[in-house]
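Structures incoming, each one as structure tokens.
In the two complexes below, subunit A is the common chain; its partner is subunit B in one and subunit C in the other.
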Partner chain A sequence: MGDHQCPKLAVWKFASCDGCQLSLLDCEDELLALAGEVSIAHFPEASRAMAPPPYDLSLVEGSITTARDAERIHEVRKHSKTLVTIGACATAGGIQALRNYRDVKEFTSIVYARPDYIDTLATSTAIADHVPVDMELRGCPIDKHQLLELISAVINGRQPNIATHSVCVECKLRGTVCVMVAHGQPCLGPVTQAGCGAICPGCDRGCYGCFGPQDTPNTDSLGKVWLQADRQPDELRRVFHNFNAAAEPFSEAGSKYGQDDHS
Partner chain B sequence: MQDRANHRFVVTRHDFSMLLATLRERGYLLLGPTLRDQAIVYDEINGAEDLPAGWTDEQEAGQYKVKRRDDNALFAYNVGPHSWKKFLQLPSLTLWKAQKTDNGFKVEERDEATPRMAFIGVRPCELRAIAVQDQVLTGGDHIDPDYARRRKHAFIVTVQCTQAGNTCFCVSMGTGPRAEEGFDLAVTEIIDTHRHEFVIEAGTDTGAEILARVPHRSASEADWQNAQSATQRTAEQMGRQIETSGIRELLYRNAEHPRWDEVADRCLACTNCTMVCPTCFCTAVEDVTDLAGQTAERIQRWDSCFNSRYSYIHGGIVRPSTRSRYRQWLTHKLAYWHDQFGSSGCVGCGRCISWCPAGIDITEEVAAIRANDGGGMEQGRKTNE
Partner chain C sequence: MARTITVDCLTRVEGEGALTIRFDGDSVRDVKLRIFEPPRFFEGLLRGRALEEAPDITARICGICPVAYQMSACHALEDAVGIHVGEPLRTLRRLLYCGEWISSHCLHMFMLHAPDFLGYPDAISMAQEHAELVRRGLRMKQVGNAILSTIGGREIHPVNVKVGGFYRVPAAGELKALLPELIRARDAALETMNEFSRLNFPDFERDYEFVALRHPQEYPFCEGRLVSSKGLDIEVHDFERAFQEEQVPHSTALHSVIKGRGAYVCGPLARVNLNFDKLRPLAREAAVSAGFSVPCHNPFRSILARALEVIQVIDEAIEIIESWAPPAYASVQIPHKAAIGFSCTEAPRGILYHRYEVDGDGLIQDANIVPPTSQNQKSIETDLFDIAARLAAMPHEEAVLLAEQTVRNYDPCISCSTHFLKLGIKRE
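Entry: the complex of A and B
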């Protein structure tokens, strides 16, 4: 542990709930092995001990919602050899990107006793909108197996196995009966990127789309299927404008089914 | 087997349970249909008590629903979300594992212990699908050793179809509803108000030997006629059909048909059709290492031509559009499978129709192209990919 030859790992937080960095601490069984292979140089949520830059691998959680963070991310990029965004906030702006469709001042006036203390940007944007990103892990939160796969790949100098196809593949690999076809449940699986192991369909629920759009998402066709199954347009707007509201295919799809003009 | 007429027997419902118990006693792992998650899936079963007695299903494009029957028929359902390929060509398989050593690496010995599997309830279309996969995975110069090992030990109990589903089209593909060969035992379930029994035909010596251990009587001409007419009725109930005459040429000359654009508007590129297809055999390999870099593994898993990365070669993706992927899938299945493997890749099971969330129907797509053969192509296609 702390071997100077180990790659230096840093974990950064922007606008987020911390759930994704917790996935790293949640690696329980693998945590000791991980600590043996990387030097945890900057991870305020786990340790007060912080080593100075540069860093070999930076995991960035959260979106950019303040002017200060818009500056800070450039510092992080400058000090990081490989920068990986983790989670829906960092990769797509997160749930807080719902503000992008509304007036943020209206939100702050409702939420905060002293909205004048709040200094925030009008939008929540993905890290890649500000600096070049080397790789991304999707999810709300990310999947710890994907996180370990990515770290292993970076350490060992190989490509990580991070699929960009639909969740349906994962359902089929695990033998899960299609909840949409057999149970008539609305499911975003066909347009959503795999990586979670199809957790929700495995528990007999439709996919919520927390891993964001797959690489060839046909949101129009899925929307038609939902509408034919008597789902309401407003429901479609809300499911697309969710954790990945600002991911382009979901952003466009949601806007097609209505305006985000009421709370 | 010679003289098949002498290998036809009748087994009662009670003794049918014994047949499965006998297979188990002989060391076979019983795999068969069972009710789970509101569907009839294939899984490990303990015996006849796990079969979906009294259940059937209703299917349409993009729809599947199990329904209660008013009898206790064991096999009065149509094919469901699973196919036997999940036991023969595993969804995920470690091909090799290696340990780092002081001088290079050492590939670990593989545990090649293969269960002796007994497939209970293989439908005639599925039997053909297994034959198609046999040809693909073991018929050429490069044999898939894992598939071959699993397949070699499989004991097949076919169940002839006594009802057709709405999405079935085996008659037009020439694969059912009655199988004539390729099974160890072939069962026709006969159920009415005063009897519940099984007319069973032995297709191999192993099949005959297993059957000999179970109480049975020889099938009379009337029994055999009963079994034959049950499947004959099924043939008349086919939900769908594909006109297969000249289908290769039809699809080849319609590679630029506007219907490909139209179907691409509906296709979700989700892979469901290929994953449920009993003949789709494509896989991807992934190399993984552990954190310490001490072990490496190569894992093979089901892949699909509907995934963009499936057609990735250095420099880019060959089939970036859904249009090109759907056309590739359907044309491979129905046309150039003939050139490549000497048969159709489609067995008419209808799974791709039922399990497509968007309800895309392969029979409808082919019919649309045939109805407008060569049509609209002078306008050219929308995109070039």
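Entry: the complex of A and C
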């Protein structure tokens, strides 16, 4: 796949839904052009052909939830010149990090009759908790245009142009009226990183935070606004403890509004 | 002579797992599709969440068929509280599902399955000699994604689906803008059906029990009775009475069986076999002109079932858009009450069952989700068992390819069923 002189791209999967790596195959217009610029050296979901390490750019999807994966990520790091985490699972532990607030044994027995067959850690953790990460792309899932920008930046040796400001800026840019101010809809936009294109407010609903915390999130202030609008603390806990539950600002904010234990 | 064949990774499937075939001399001793993708415990983490969150949370089970999870979650929760969204929201849901079927089927046909038939490691290298085919496939896939992002806000994990309907209904103009590309894609789909019908299909058949939804008027998406090719005919809420999930040591996905009978098959081949008469005339004519008829018991021909379904849903999408008039409301109110609800919808890979128990505050107390790939897992193993004698007589690389292709016939979504596929054929 591609010229061997090209930078070698590898795609790795840990605990995830496959959606972020699918974003690469969803670049229908750019895929064949991209394949001319990089050599796709390891991408099991798309190809049987696999080139040996080292790799110039590794895209890592998914979180660490098993002892085996906690070892495997060190192998991936060792073989990768640049390692980029893609998506909420890799950057923050993903929705499965909700287990971090609960008893994983209880979870295993809800799903499996023989929990003893199942090998799993008590927590779901981000890749950066295990190995140094060079760059990250947020989102559940990531945005494919940001992915193309990042790959292009890496192969051209420049910094990618990825915003770290809030979703609010994107609403202003697209001319979407503020759903919270105008319609009283609870929205996580003020504390959430941009990148999706403010698609939730674009669909007349509040942002639910799938790109994780922005640079300087004021979660306390946002929480007050929600409570003043008669939202319940439990709801606030749930919205912060969601797809980026283990991202620190969201983790702390959610825990201020109650316990996740459910008996 | 003792011989071991091992391949590190079964590729071009969604998610990761392993396959082991053990021989005693020339006869097969054991076939195991090992799924060790780490479990993510969705049924556990749904407990205590608000029912309104279920479509967004369960979408994250699968990045390839999130709409299927959203549809099954919405229908089960609406069943629990006794609500029907009614027309035209029901039709808008069908259109959204059309988008996912187009996108998911085209991904599998052109990028994952066709390289097996044409002899390439992947679609990108296939494009060097079959550029037109790959470009056509990508463009067809794109129109599916365009439906998803126009209605849903984005292709993967759409944000516009809610229990009770949608957050926002698209204006007629937004949908009509999709028509030129859909009309072009319909021709491309007809051409694809003809082209794929000329592929070289291994001569292999098995006496499957096919299971699918069946609706009195329509090709099934979200409603109907659960029927099988061997006489099963039940309401969806009787699913757990007829089917059973079993845990096996070599897999983090639970295996499903029909109680008292064993393995069954769901997905495009099952749907086409059980609902051929409900296909739109254009799809039925395309089947006839491509020489595809039912019953079809050759799993390698599932690529034709997918091609046929792509014609079906593109044609339906065009009809829906041409007559689309947006309603004044985007959703219906969902009351909170203690109840249990059930649903089964046709995900691209087959029936997807959801059951929820909710309390009076609208919190989920219990959830059960049965994805299509875990239902097909036992049949995949049985296919491999039956084809293994042929594998034993083949050169190594050819045997590995055919074993992999046998798995890929099912378009297994291992992430859904929990998952890394490592292929090892052991001959002792």
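Here, the second predicted complex is superposed on the first by the 261 of 263 C-alpha atoms of A that agree within 3 Å, B and C clash if a C-alpha of one lies under 4 Å from a C-alpha of the other, contacts with A are read in each partner's own complex, and residues count from 1 in each chain.
Please note the rule applied: contacts are C-beta pairs under 8 Å (C-beta built on N, C-alpha and C of every residue); 3 or more make two chains touch, one makes a residue touch a chain.
None of these values were measured; they are calculated from a predicted model.
A.B. asks: Look at A:E37 in the shared chain and tell me whether it touches subunit B only, subunit C only, both, or neither; answer first, second, both or neither.
C.D. replies: Only subunit B is touched by A:E37; subunit C is not.
A.B. asks: Under the stated touch criterion, which partner chain does A:H183 make contact with: subunit B (first), subunit C (second), both, or neither?
C.D. replies: Only subunit B; A:H183 stays clear of subunit C.
A.B. asks: Figure out whether A:T66 sits in contact with subunit B (first) or subunit C (second), or with both, or with neither.
C.D. replies: second
A.B. asks: Who wins on subunit A residues touched, subunit B or subunit C?
C.D. replies: Greater contact footprint in residues on subunit A: C.
A.B. asks: One more residue to check, A:D204. First (subunit B), second (subunit C), both or neither?
C.D. replies: The answer is both, since A:D204 touches subunit B and subunit C.
A.B. asks: Please report the subunit A residues shared by its interface with subunit B and its interface with subunit C.
C.D. replies: In subunit A, positions 204 sit in both the subunit B and subunit C interfaces.
A.B. asks: Can you name the residues of subunit C that touch subunit A in the complex?
C.D. replies: Listed in rising order, the residues are 8-9, 11-16, 36-45, 47-50, 53, 56-57, 60-64, 66, 107, 111-112, 115, 121-125, 127, 134-135, 138-139, 141-142, 145, 153-157, 159-160, 162, 166-168, 247, 249, 252, 254, 330, 404, 413, 415, 420.
A.B. asks: Note which residues of subunit A are touching subunit C in the complex, please.
C.D. replies: Touch list, subunit A to subunit C: 1-2, 13-23, 25-26, 28-29, 31-32, 35, 40, 44-50, 65-66, 69, 94-96, 98-99, 102, 104, 106-108, 110-114, 117-120, 124, 140-141, 196, 199-200, 202-205, 208, 210, 235, 238, 242-243, 260, 262.
A.B. asks: In the complex of these two chains, what residues of subunit B are touching subunit A?
C.D. replies: Contacts found on subunit B: 36-39, 41, 43, 62-66, 81-82, 86, 91-92, 265-272, 275-276, 286-293, 301-302, 304, 306-309, 320, 322, 354-359.
A.B. asks: Would you tell me which residues of subunit A are touching subunit B in their complex?
C.D. replies: The contact residues of subunit A facing subunit B are 30, 33-34, 36-37, 148-149, 151-153, 155-156, 158, 161, 163-166, 168-169, 172-178, 180-183, 187, 189-191, 204, 214-218, 220-222, 224-225.
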